[in-house]
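You will see two complexes here that share chain A, one where it goes with chain B and one where it goes with chain C.
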Partner chain A sequence: MKPRVAIFDLTSCDGCQVEILNLEDHLLDILGKIDLVNFRIGKEVKEPGPYDIAIVEGSVSKEEEIEKIKKIRDDSKILIALGTCATHGGLQSNIHFMDENEVKKAAYNDKHPQQTRDIKAEPLSKYVKVDYSIRGCPIDKWDFVKVLKQLLIGKLPKEDNNPVCVECRFNENVCQFEEKGKCLGPMTHGGCNAVCPSNNQPCDGCRGPLEDLNLKAGIRIMKENGVSDEEILKMVRKYTGVDELYNKIEELVKNGNN
Partner chain B sequence: MNYRLSKQKIGDFLASLMNEYEVIAPVNDNSLIKFKQISNTDKIILDFGNSRYSLKKYFLPNKQVLFKYTKEDIQEELDNKKRIIFGIKPCDVHALLIMDKLLLGEDLEDIYYKTKRNNTIIFALANNKPGENEFSSSLGTDKLERGYDLLFFDKGDYYIIKSGSEKARGFTNNLEQTEEEPQAELNCEKSLSEEQISKLKTSFDSPVWKEESEKCFSCAGCTTTCPTCGCFDVRDDPNLDLESGSRIRIDASCQLKNYTGVAGGHVFREGRDSRFKHRYYHKLDYFKDQYGKHMCVGCGRCITNCPAKIDMTEIINKL
Partner chain C sequence: MGTIKLDHISKIEGHADLNLKIEDNQLKELSLDGVEGARYFEGFLKGRKYDEVHHIVSRICGVCSQSHLLCSLKAIENALNVELTPQAKILRKLILYGSVLQSHVLHLFFLALPDFLGYESAIAMAEKYANEVKMALKLKKLANDICTTIGGRDVHCVTPLVGGFSKLPEKQKLDDLLERLREARPEMLAAFKLLTTLQIPEFERKTEYVSLQDNNEYAFYEGRIVSSGGINVEQRDYKTVFNESVKDTSSAKFVSTTSNMPFFVGSLSRVNINYDKLNDSAKHAVQEAGLIFPNYNPFMNNIAQAIELIHLTDECIKLLENLNLQQEEPVKYEIKAGHGIAALEVPRGTVYHEYEIDDRGFIQKANIIAPTTQNLNNIEKDLWQFIPGILDKEEKEVITEIEKLIRAYDPCLSCAAHFLRLKIERI
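And now, the complex of A and B:
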């Protein structure tokens, strides 16, 4: 019997789900292997659980989403976080480092601030156990296929834990540290085929910090290159600032000259 | 007997080989010198130190399909493309001779590497200009006795060409002969002497490793660009039918934590310092003990490509 797979979304832009739809020519092959019972942006009929695999995009940013993700977890054997919002809170997790009222005002204006019972955007793992994370903003669609294939042959995928630099060197790029004086590539999970540096943009860390990161070295070099404290903090916090590996970032940036 | 070719004619010379061979030569790509396949010989850079990235991609690609499998059958993927690499510098030829020791050993032959190696003609370019951070002159890898099919010496308006193999004959038939014996002298700013290197023998517990490794990202910028780093991982990539697929090999690096991970979760070189140190010992100590020469050829790419600007020669000097 084909496994029952459901794709859900919480607070997000749907971009990662669109990446799945972008698999176009391969979608029929994928649908031949799974029973896709829930996919808001791709399917009208939605079936209730239980599910073999639930794939969830988006951060938990509203109170009702806490209940929603808990219910999905209860209904599912395997839960996969899809994209940076789900793995790290994403762009909206910047609210952790900003004035909450200002953010609300900018997002909702004065007229209807009470429509949502919003909470600070958090990754799924804050509330439920996540079995595997497909990283990136947006995800790499081939990463999704790779993970799905591993699950279909009965394995939980294993991550490489390589920094972005590895694929950046494979692509024979100009190093963004040299070019722009800043890059989060050496500290960030690769697997994206170094898409930003390969297009002459420094990595801004959307796939999250590596467990093995050398934050002190990164801060020291960026500072030596004249990158301001504010800019370093902004880069690190753009997508994945709530990761506990970045807990001491403020302190390190302020005292980073030793 | 040597040969002489006017510099103006080098483009025509290489172009005449393009029917039979894929010609690889140094070009300027996005302000970096890189070796690439060329179709237009006007783009070749003739006066350069060395390429930013090594040439190992033509022999041991960073990602390579070894074979494709179905339930019934496997089909090996051998690269039989005939190539000429023009402009390869002596230190990089030495790097190939080192890779040969590892991958063309008597008891262990890597058929994928061997096929590419046998199908590739080496047109080396004698050194007169060091690459960025190059220190090959102190290691003796700035000159070539063997390892080339043709060796080009830049004499200003013309090249003197030495022939170094049987295979080379076919390329020199139409060239003018000359008695001129060329020489090339390379003066690298950086150096690494045997005396300095020998300090490794007594420095395994030196505090330098820990101190210096604190600057290191463990990003593998050094190993991925090193012409003699050839470690790889092998994995299967199933197709969506889950019955067929490909076995691929992909570059691995001793600088990454997962490299020494084993079943059960243990990691042998967990600390950044032990990974950092390992590269120095492998390149400049262990390999020589086993094979009689240094694995490092002094190309300097690990220095140039390090985002933290860690300099191998400086580290050895600190011991």
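And now, the complex of A and C:
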């Protein structure tokens, strides 16, 4: 029997689901292998659980989304976080490091809508157990295919623990530390084919920090290259600042080379 | 009769609620609300550096990421007095056209067409309409490949930056695109013809149509803000013609003209206002199908999108034929305090970005008006007129027809902040 797969979205830009639709040449093949029972942006009929695989995009940013993700977890054998909003809160997690009132005022000019019972954006893992994370803002669609293939043969995929630098070398790129003096590549999970450095842009860390990252060294090199403390903090906190591996970042940046 | 509550309406981008109150078969209350979690982009931009704005605003919406990315770059370049090279402008236009093509194909074939053919999804449609679905996927891929080739990635492009591009595309890849676009011409025409065979609901409500207008071409990248109601101002004066308001029940803001009128933006507005600027192939297709513009049926927005498929395919071909790609660096500029405003025509209408930058290049203030926020008032007005005419139908049919009308606008509430749960209360 084909596995029952459900795709859900919480608060996000829908871009990771768009990346799934962007698998144009392979989309019909994929749909032939699964029973897609829930996919709001692509289909009308929604079937209730249980699901074999739930794939969830977006951060938990409203009170009702806490209940929603818990229900999805209860209904699903395997829960996959899809993209940076789901794995780390994403861009909207910036609110953890800013003055909440100022941020809201800038967006809604003092007249903040009452009904949006919003909470500070959090990754899914804050509220439920996540079985696997497909990283990236947006995800790499081939990464999604790889993960789905493994799940279809009954395996839970294992993630490589390589920095972006590995793929950057394969692509024979000039190091962005040389070009721009800054890059989060050495501290960040690869798997994106180093898409930013390969296009002559520093990695901005959307896939989240590596478990064994050398944060001290990364910060030291950027500081030596004249990148300001403020800029380093903002780079690190752009998409995945709530990751606990970044808990001491402020201290580290301020203490510099110690 | 109690209350009927539907879950978030499907096949639209983002989340919204529609609440209806019906007494004695009369529509008494109607409220359309964006319920997407608020994401406060204008707030996050404050204190960010001018050169990361486009990457941040790209994340407003995954369906039209290029719209926000390109409009913000234009606004920042406007603030810093950066004049792009002609080549960079052509490459920006190609990304914009590619992104409009991609979004239109996605909306027409995967979100709207199943409605009209009576399927719950394109997936369910794929068996009987295998050729059409495969054709749509092929055209979508082509459109995405334009963005990937030039922008480095389909969703959230990497290469565009203030002053130009961090990396230019390979000439061979552009030649391949040109070849594929030429091959796709008959398919775009076939897509248009298929859509014109659909039964478009008979409904008319004349409203104000707003779009950019350019003397030289069918406006997407440049032009004055023009409306059927007499608005005609420069982009920098957008605030003199529009009002933004916040509704307590919605995370999406609402926009009206300063004379307090709801208005329409998107493909139908563009075709209504700029019909004479469409290229020959698009005009020819319109004439052959016997269509007449201006048209006041919002459902015709679908057809207007299909017209733009034909138009933009030929425009991309023209741009690529005349592009003699040279290696060039981004334009040099000085960081200084400034104030920049820009507008673009993007898949769902006109988008506006405005930034104030301090002398170190940090954003002091940002204002973004996405197309869907501009259409929300107009959708509400349409529904007020549309719903009474269908209330004698079965509940399920009422809902389907309402959804069709809303989807015709191709609303994207990720952009608007923030789509659709339907609650009908019958007393």
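Basically, the second predicted complex is superposed on the first by the 256 of 258 C-alpha atoms of A that agree within 3 Å, B and C clash if a C-alpha of one lies under 4 Å from a C-alpha of the other, contacts with A are read in each partner's own complex, and residues count from 1 in each chain.
The definition used in the following text is that a residue touches a chain if its C-beta (ideal position, glycine included) is under 8 Å from a C-beta of that chain, and two chains touch if they have at least 3 such contacts.
In this text the structure is predicted, and so the values were computed from the model without any measurement.
Upon superposition of the two complexes on chain A, no clash is found between chain B and chain C, which fit side by side. When the two structures are aligned on the shared chain, A:201 is found in touch with chain C, with no touch to chain B. Once the two complexes are overlaid on the shared chain, A:12 sits against chain C while remaining clear of chain B. For the superposed model, the angle subtended at the Cα centre of chain A by chain B and chain C works out to 110 degrees in steps of 10.
Set side by side, chain B and chain C differ in how many residues of chain A they touch, and the one touching more is C.
Once chain A of one complex is fitted onto chain A of the other, the partner contacts of A:191 are absent, as it touches neither chain B nor chain C.
Looking at the shared chain after the overlay, A:104 reaches chain C, while chain B stays out of its contact range. When the shared chain is aligned, chain B comes close enough to touch A:169, but chain C does not. Once the two complexes are overlaid on the shared chain, A:123 sits clear of chain B and of chain C alike.
Residue contacts after overlaying the shared chain place A:209 against neither chain B nor chain C.
Least inter-chain distance for chain B and chain C in the combined superposition, rounded to the nearest angstrom, is 9, based on C-alpha atoms.
No residue of chain A contacts both chain B in one complex and chain C in the other.
Within the complex formed with chain C, the residues of chain A that make contact are 10-19, 21-22, 24-25, 27-28, 31, 36, 39-46, 58-59, 61-62, 65, 90-92, 94-95, 98, 102-109, 111-116, 118, 121, 137-138, 195-196, 198-201, 204, 231, 234, 238. Residue ranges on chain A touching chain B, taken from their complex, read 26, 29-30, 32-33, 145-146, 149, 152-153, 160-163, 165-166, 169-170, 172, 174-175, 177-178, 183, 185-187, 211-214, 216-218, 220-221. Taken in their complex, chain B has these residues touching chain A: 29-32, 34, 52-53, 62-63, 214-221, 224-225, 237-238, 240-242, 251, 253, 256-258, 272, 305, 307-308. Within the complex, the chain C residues that touch chain A are 7-8, 10-14, 33, 35-49, 52, 55-56, 59-63, 65, 106, 110-111, 114, 120-124, 126, 133-134, 137-138, 140-141, 144, 152-156, 158-159, 161, 166-167, 246-251, 253, 365-366, 414, 417.
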